[in-house]
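Two complexes, one shared chain (chain A), two partners (chain B, chain C).
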Partner chain A sequence: MSFASAQFLAFFAVLFVLYYLIPRRHQWKLLLVGSVFFYFFAGWYCLVYIGVTAVTTWLAARKIGALQARQDAWLRERREELNKEARKARKAADKKVRWRWALGSMLLNFGILAVVKYTDFVLGSVNGVLSAAGAGTQLPLANLVLPMGISFYTFQSMGYLIDVYWGKYPPERSLGRFALFVTFFPQLIQGPISRYNDLSQTLYAEHRWDSRQIAMGGMRALWGLGKKLIIADRLAIPLRELTAAPEEYAGLYVLAVMFLYAVQLYADFTGGIDITIGVAQMLGVKVTENFERPFFSKNIAEYWRRWHITMGTWFRDYVFYPLSVSKGVLKLHQKARARLGEAGKRVSVYLCTMILWFVTGLWHGASWNFIVWGLLNGVVILVSQECEPLYARFHGRFPGLKGTFGYRLFEVGRTFVLMSAIRVLDVYRDVPLTFRQVGTVFTSFRPSVLWDGSFLELGLSAGDWLIAALGAAALVVCSLLGRREPVRQRLVRRPSLAWGGCAALVVCMVIFGVYGIGFDATQFIYNQF
Partner chain B sequence: MEELLDILKSLHPDVDFEHCDSLIDDKILDSIDIVSLVAEINDAFDVAVPAEEIIPENFNSAQALWEMIQRLDEA
Partner chain C sequence: MRKKLIFTGVLWCVLLAVALWLLNALFMPKYMSEIPEGALIAEYYNETADHDVVFIGDCEVYENFSPDVLWREYGITSYIRGSAQQLIWQSYYLMEETLKYETPKVMVFNVLSMQYGEPQSEAYNRLNLDGMRLSPQKLAAVEASMTEEESMLSYLFPLLRYHTRWSELTAEDVKYMFHRDPVSDSGYLMNVEVRPAENVPEGAPLADYQFAEVCYDYLDKMVELCENHGVELVLIKAPSLYPYWYGQWEEQMEDYAAEKGLKYINFLELIDEAGLDFSTDTYDHGLHLNLYGAEKLSHWFGSWLRENCPQVADRRGEEPYETVWNEKSEAYAQRKAQLEAAWAAEQKEEPEA
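On to the complex of A and B.
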């Protein structure tokens, strides 16, 4: 059941009415029933996968919590008789036991994710090696079906488990409440990857009817749907054409692919997240923001702090930091420093950064294009880091330049172009093809396609291009207007303007939305991750 | 504390670490700075900073960092 479907609208309408009619103490239970129902639409077998993750994570976290409580009680009782070393020894021994429970659950759940998501990637890579070696045999692919949102709910659950292991908060006692945290339907399709201590603040609370919050949520969901139907799905048409026969569309077309895909992905992903956050807000639940005007970033590191924020912080907190402070990496740091001096200080940090981006690429998809995409991101971030002294020297020579509007615009433009260029790996889904295509930008540019009507043969009329351009301009304007205060917040203070705006958006969606033109118009791009 | 300030200064010579108390909140230290800092702390003070201690409260100021180092050393 996609967000952009009549099914979802009907499902949500019924849930919404019931939610505010039933006794408030049962609201979270209704959300759980609704979430299970929503997930059931993706296939009954999906429920088995998510059920296993919810139950095993809950059990492991409960066990870890119980072990921690037992250790605390034991230490409290013997406070007087134990010296520092004895306390330390007991803590270390208990930590090992807790780690075994955490590790067991992580191996099981990441194992499930790895098997369903990466089996064919591994088999395909082995087949590639076999054929390169001239072997006549090929391994059959498993063709396993990927349960909806498995990357998102697995990461969310494992984040919770690690937090409990680290003692950040006690485990959730109720299996039902924890199951709701894992299955909460608005964020099942494409995140955000919520943290338990954030989401639980409002997920289980009793919510009274709040017209302002409901209006704010409704407007946000509507805005997200507009982004999806008017801009993202419209731009999907020429992109499908341009990538279906890449050899016919080289040179300037490749630049078009880069920039059109940047806008399409932004409209699609932020549109989906707007629906998620808006729908949750209508139910009184606060979901973490996942974007902070990423296309206004000055460099790629900043871009990644503002794009898909919850994924970035997940990898930072649960992969990058633990890896960087592990004994092996710290030893490497000492050795590199002893051997290489000051420059050696960066070896372990850079190694961990590249591992982080390798894993981030792998998370995005089981194919080499995503791995190369991830590694390229890491390389650009590290090169920027290395170039910092150069930048500092440059700005030392031209001290007035840094704060100017023109230089800021240059930085934002540079980041946008760089990110769009890296992201093109995601479009062609084939590493050699992507590099060949990008190469044609320099070898067969052919700017005449801009004015000889070629772009009108990509499935969009002149009017469609105009609507897409106006839509993209509206995104930029709203982003700028919302810097201090979200536009919705201003609209909600003037109900007549808010109603007028919503009605206009609905009319635009009905007239200009893209429906049923031979592709799955309702599939969100990040759904596949 | 002096040694810690020297380590911090080597990361960002232009920052007033003695008085700044929003190193994370104001995005002065990024994740790469933080792991570099943790490695340097490990070398200089022989204190292992576990991943769960890498939270804004412990890294927002030199004072908070110093308190964390002392706490971990005593634990």
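On to the complex of A and C.
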């Protein structure tokens, strides 16, 4: 059930009405039932996967919590009789047991994710090697069906488990409540990857009708739907054409793919997240923000702090930091420093950064495109860090430049172009083709396609291009207007303007939205991750 | 704050609903200057007097029979509820809907659609169903007709289907937002052009000549419906030379009619008796009759009705029929004169045509 479908609209309308009609203490139960129903639409077998994750994670977390409580009680009882070493030894022994429970659950759940998502990738890669080696045999592909949102709910559940293991908060006692945390329907399709201590604040609370919050949520969901239907799905049409026959569309077309895909992905992903957050807000639930005007970032590191924030912080907290302080890496750090001196300090940082970006790439998809995409991000971030002294020297020579509007614009433009260029790996069939296509920008650049009508043969009329351009301009304007305070927050203070704006947006969506017969309704791009 | 928000919300929702209603009227195809077949179904609702004979079916009824001839020569009031590639379930629900408005003495159903056991094309569905007024019959017809890609919602709110017309709207869309000019004469779509039928191909052999079960089910329902309303159902196969009407199909229809005690006329076997000449009486090489052919066929059929269906009365001199049909005849004659003049002009420009 896509957010951009009549079924979802009907499903949410019924759920919304019931939610505010039933006794408030049962609201979270209704959300659980609704979420299971929503997930059932993706296929009953998906419920088995998500059910296994929810139950095993809940059980492991409960066990870890019980072990921790038992240890605390044991230590309390023997406070007087135990010395520091004995206490430490007991803690270490208990920690090992708790770790085994956490590890067992992680192996199971990441294992499920790995099997369903990466089996064919591994088999395909082995087949590639076999055929390169001239072997006549090929391994058959498993063709496993990927359950909806598996990357999102697995990461969300494992984040919770690790937090419980670290003792950040006690485990959730109720399986039903935990199941709701895992299956909460607005964020099943494409995240964000919520943290239990954030989401649980409002997810299980009793919610009264709050016109202001409902209006704010509704406006946000509507805005997200508009982004998806008017901009993202419109730009998907020429992108499909441009990438389906790459040999016909080289040179300047590849630049077009870079920038059109950047806008499409932004409209699609932020549109989906707007619907998620808006829908949740209408139910009184606060979902973590996932974007902070990323295309206004001045460098790539900042960009990644503002784009898909919950994924970035997940990898930072559960991969990068633990890896950086792991025994192996600390040993490597010491050895490298001893052998290479000052420069050796960076070896462990390089290693951790590249591992982080490798798994980030892998998380996005089971293909070499995503792995290379992730590694390229890591390389660019490290190169930027290494170039910092150069920048400092440059700015020392031109001290007045850094704060100027023009320079800021240059930085924003540079980051946008760089990110768009790296992201082009998402759209072409394989890595060699992507590099070949990018190469044609320098060898077959034909600017005449811009004005000879070629772009009108990509499935969009001049009017459609104009609408896409106006839509993209509206995104920029709204981002700028929303720097201090979200636009809808200002609108809600002036009901007439708010309702008028929503009515105008509905009309625009109905007329200019890309949907219905003749259009292949596109899923949200991040749905596939 | 809360009251103001809700009040403003209700106000804007009303405004939005009005705006969407207006947009719906604007974006719906009007079928005035192009594809007039699309306007046929809705035209029925403008009728002011009831009819003794109602034709139901595809292009083989709305191109081949002239209600004006039936009136002028026999005093028979009739209407054609025909539309392009009308499928049998669409015919059934149109029949059911027609019986909500009036109870004719005879329903004439053209059996060509027995060959289609599955929904065919969205484009034809739209031509046939968009014009129907919202009713249980329309919903059932849509449900039975939808191809895989279609949705009921887009029939309830056609703007969802036609929103892509924003770049092709014309002055005609504005002019005909709330009314249409008549494109037919009591459902008859007049054509005066002449394109002789030459070398009409034989039908290609089929793997299976058996009509689908679902078609028989709807035909049974038609029989039952007419019986329940005291209406005589007459089955016909119009004299169109193409699409080819197979002998095996004919046998099945004859058997069915005999089994149900229905009258069945295959006009393909009566071409000479009706005086049809396919060198002058067709406008598209034998697929459909032109005005002259339709008038000849109607002359024959009027006589047949007079003889075989005595319940169909001669309404000449009877009000309101006399007034209504005199006006219709006038409009018919005018349209005929206009089309003949246009065709003659076209012939002058392209004598070889």
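Heads up, the rule we're going with is that the second predicted complex is superposed on the first by the 522 of 529 C-alpha atoms of A that agree within 3 Å, B and C clash if a C-alpha of one lies under 4 Å from a C-alpha of the other, contacts with A are read in each partner's own complex, and residues count from 1 in each chain.
FYI, a contact is a pair of C-beta atoms (placed from the backbone, for glycine too) under 8 Å apart; a residue touches a chain by one contact, two chains touch by 3 or more.
Just so you know, these numbers come straight off a predicted model, no measurement behind them.
Engineer: Touch test for A:Val510: chain B only (first), chain C only (second), both, or neither?
Structural biologist: second
Engineer: Check whether A:Ser496 is in contact with chain B, with chain C, with both or with neither, and answer first, second, both or neither.
Structural biologist: In the superposition, A:Ser496 contacts chain C only.
Engineer: Per the contact definition in the header, classify A:Arg316: touching chain B only (first), chain C only (second), both, or neither.
Structural biologist: Touch status of A:Arg316: first partner only.
Engineer: Touch check for A:Leu21: first (chain B), second (chain C), both, or neither?
Structural biologist: Neither partner.
Engineer: Examine A:Val325 and indicate which partner it touches, taking first as chain B and second as chain C; both and neither are also allowed.
Structural biologist: first
Engineer: According to the stated criteria, A:Ala244 is in contact with first (chain B), second (chain C), both, or neither; which is it?
Structural biologist: neither
Engineer: Using the superposition on chain A described above, determine whether A:Leu390 touches chain B (first), chain C (second), both, or neither.
Structural biologist: In the superposed model, A:Leu390 contacts neither chain B nor chain C.
Engineer: Name the contact category of A:Ala133: first (chain B only), second (chain C only), both, or neither.
Structural biologist: neither
Engineer: Where on chain A is chain B touching in the complex?
Structural biologist: Counting only chain A, the residues touching chain B are 88, 166-168, 301, 305, 316-317, 320-322, 324-325, 327, 329-330, 333-334, 337, 345-346, 348-349, 352-353, 385.
Engineer: What residues of chain B sit close enough to touch chain A in their complex?
Structural biologist: Residues 27, 30-32, 34-36, 38-40, 42-43, 48-52, 54, 75.
Engineer: Can you check the complex and tell me which residues of chain C touch chain A?
Structural biologist: Per the stated touch rule, the residues are 1-2, 4-6, 8-9, 11-13, 15-16, 19-20, 23, 27, 122, 149-151, 153-154, 159-161, 163-164, 166-167.
Engineer: Mind pulling up the chain A residues that touch chain C in the complex?
Structural biologist: By the definition above, chain A touches chain C via 6, 211-212, 215, 461, 463-464, 492, 495-496, 498-500, 502-503, 506-507, 510-513, 515-518.
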